[in-house]
Amino acid sequence: MVKSFSVLVLLLGIGAMFAALLLGYVPDSELNQTARYYADKTASETGAANIVAAIVVTYRGLDTLGEVTVLFLSAAIVGLVLASGHQQGKMRHAQPPSGELLVIGVRLLVPLILLLGVYVFINGHLTPGGGFQGGAILASAMLLLLLGDPLRTFSHKLIAIVESISGLVFVGMGILGIFYAGGFLDNRVLPLGTLGEVFSAGAIPIIYSFVGLKVGAEFSSMLANLSGTEEL
Amino acid sequence: MAYIAMATGFILILIGLFGALTNRNILRMIVAFTVADTGVNMVIVAIGYMHGRTAPILDVAVSAAEAAARIIDPVPQALVLTAIVIGVGVTALMLAYTYKLYEKKRTLDIAQFTELKW
Amino acid sequence: MSNLFIPMTVLLCASMIVAGLMSIWSKRSLPIVMLSSGLVSLLASVQYLLLAAPDVAMTEAAIGSGLTTFLFFFVLSRVRGGANG
Amino acid sequence: MAEFLINLAASLTGVAFLAALWRFFRGPTPADRVLAFDVLTIVSIAGIVFGALVEGRFIYLDVALVYGLLSFLGVIVVARYLERGL
Amino acid sequence: MGELLDVVGGLLMVAGSGFLLLGALGLVRMPDLYNRIQAATKATTLGTLLTLLGVAFIRPEWALKLLLIGIFLLFTNPLSSQVLARAAHRSGLVRLPAGQVDRLAEDTGEKS
């Protein structure tokens, strides 16, 4: 009772702070200085039509590198936590088979979903989407395979190889930027091209594609580790 | 419109905090955390919205020359984009620990885990 | 025609709050709680689109509907015995 | 005329949304709620297309594409959970 | 010409959202789960397809992507409802009213 009362008091305090923030909020009518810089210069400096993609990959590319590292660490810790004290030899729970329609549907839909994921991250500099969304869509294809056949196991070695190679290429493109362009993760190591075409925006499509592969491999490794556990 | 979305985000944060602080089941606490996560993301996106403007992507509808007058602030969107992906990683981590805790004690009640209590 | 967005926002936000309340209601069974949090994420995705953030909307649609729901229900099916304790 | 028709269609979609939401909150069994969730995703696709039409942006349709291909995953996950096949 | 296309597209969109409304109404009014599944899935799929067609009339240059969305809906929507109906039958969530016979359980030997 005391605990619930103190929680309510705490939440009322936080709610009062939020209400003060909300009442004092005045929406901007003009873009602030940083946003104006991005809006004016993105098309000429990076050649990308999607300004969010240009910010994520080029202007704040170092943040993206750290973010992918955090995701890698969390996937690795999930694997580590679930693998420790793993006893072999227990029988898996007898699961009912998935229906015939689901098996056929999985066979039909998995290539389509993989294709959509590749489309999303290759067109990341033109349309909404990019590496993170594409990676999540690739992992959704893995999830669909797992739903169609619960006993399916994924090759951990293949996932690890894809993950490491795409990480290496990401950092390698960044280092190329130091030597051939303005700095780390500068996208002007390749010609910028014309705005609005697929082969434009320098290195952004390449970097975003490898970010997508890396994110997809990390989510897939989480799914593979979780699906290897047994019912308690 | 931004006011309504921002108020909803704040209310979702409060709902999530209430759920995480008052529930005793670990899985319910994690669900409440994801609700609060969505609320935080919604507040940040609503701060970036400006009335009468459109998405920060250049195409035939918005040319590069008039971009500064027609698009909204792209920086909050870039922040939230990474925050959502990190949120899933954190959720998966919490769920993996839930599995291990259940394996040790065969219960999900947070009051049973008293090793660090004093 | 853009005045269509304000009623849509009101509708989405009200249903998000109700679904959020449902997802912490502790007398509900655990699958319903998880499904409600999935509904919050689904409605939030449409709301992001109305706030002119299609990138964020696509991320939330790709992650919130499939992956997060799967993680929750998978762990729930693994710890089925203690779900009500 | 066309504007009035679009507004009418949007309001009808809103009523459909409310009806599906009622079934989600009310539904006696979990399967009813999952079905209401499915209907809500489909209504959301229609809502996204309305939003793209009103804003006049072609690129918003990509979100509807992702929805159309991925939104059924949540339903299948819960269905497999209900038949204890996960 | 453009005006006429706009009006035709608007009428198609109204028809589509009418079907969406009918599907949701069936979801509310039908007595048990299987009736709700068959009412909701078919009507809402047709409704969304008609809405997409109407938008394609208003904006002819968007037609290709709208067609893709429609095809994906036609793939995924029946699949999810079939899996749901099967799961409901297997898990025994839905009790049939007295006097009705469960032919599927007789055929496959599964209990309802």
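When the chains are written out, they are named A, B, C, D and E in that same order, and each has its own residue count from 1.
Operating definition for what follows: a contact is a pair of C-beta atoms (placed from the backbone, for glycine too) under 8 Å apart; a residue touches a chain by one contact, two chains touch by 3 or more.
Remember, predicted model here, so these are calculated numbers, not experimental data.
**Q** Counting one step per pair of touching chains, how few steps separate chain A from chain D?
**A** 1
**Q** Report the most central chain, judged by the distance from each chain's C-alpha mean to the global C-alpha mean.
**A** Going by the distance between chain centres and the overall C-alpha centre, it is C.
**Q** For chain A versus chain B, what separation do you get between their C-alpha means, in angstrom?
**A** 15
**Q** Taking each chain's centre as the mean position of its Cα atoms, how many Å separate chain A from chain C?
**A** Averaging C-alpha atoms per chain gives centres 19 Å apart.
**Q** Could you grab the centroid distance between chain A and chain E? Build each centroid from C-alpha atoms only and quote it in angstrom.
**A** 32
**Q** For chain C, jot down the residues that touch at least 2 other chains.
**A** As it turns out, chain C has residues touching two or more other chains at 2, 5, 50, 52, 54-55, 57-59, 62-63, 66-67, 70-71, 74-79, 81.
**Q** If a residue has to touch 2 or more other chains to count, which residues of chain D qualify?
**A** 6, 10, 17, 30, 34, 55, 57-60, 62-63, 65-66, 69-71, 73, 76-77, 80, 83-84, 86
**Q** For chain A, write out the residues touching at least two other chains, lowest number first.
**A** Correct list: 50, 52, 96, 98, 102, 109, 112, 120, 127-129, 132-133, 136-137, 140, 143, 219, 222, 226, 229, 232.
**Q** By the touch definition up top, name every chain pair that qualifies.
**A** Between chains, contact exists in these pairs: A-B, A-C, A-D, A-E, B-C, B-D, C-D, D-E.
**Q** Quick one: in the complex, what on chain D touches chain A?
**A** So the residues of chain D touching chain A come out as 59-60, 62-63, 65-66, 69-70, 73, 76-77, 80, 83-86.
**Q** Sort out for me which residues of chain C touch chain B in the complex.
**A** Per the stated touch rule, the residues are 2, 5-6, 9-10, 13, 16-17, 20-21, 23-24, 26, 30, 33-34, 37, 40-41, 44, 47-48, 50-56, 59-60, 63-64, 67-68, 71-72, 75-76, 78-79, 81-83, 85.
**Q** Residues of chain E touching chain D in their complex?
**A** Going through chain E, the ones touching chain D are 3, 6-7, 9-11, 13-14, 16-18, 20-21, 23-25, 27-28, 33, 36-37, 40-41, 44-45, 47-48, 51-52, 54-55, 58-59, 61-62, 65-66, 68-69, 72-73, 76-77, 79-81, 83-84, 86-88, 90-91, 93-94.
**Q** Can you tell me which positions in chain B touch chain A when the two form their complex?
**A** Residue list for chain B touching chain A: 2-3, 6-7, 10, 13-14, 17-18, 21-22, 47, 49-51, 55-59, 64, 67-68, 71, 73-75, 77-78, 81-82, 84-86, 88-90, 92-93, 95-97, 99-100, 102-103, 106.
**Q** Name, in rising order, each residue of chain D that touches chain E in their complex.
**A** Going through chain D, the ones touching chain E are 1-2, 4-6, 8-10, 12-13, 15-17, 19-20, 22-23, 29-32, 34-36, 38-39, 42-43, 45-46, 49, 52-53, 58, 61-62, 64-65, 68-69, 71-72, 75-76, 79-80, 82-84.
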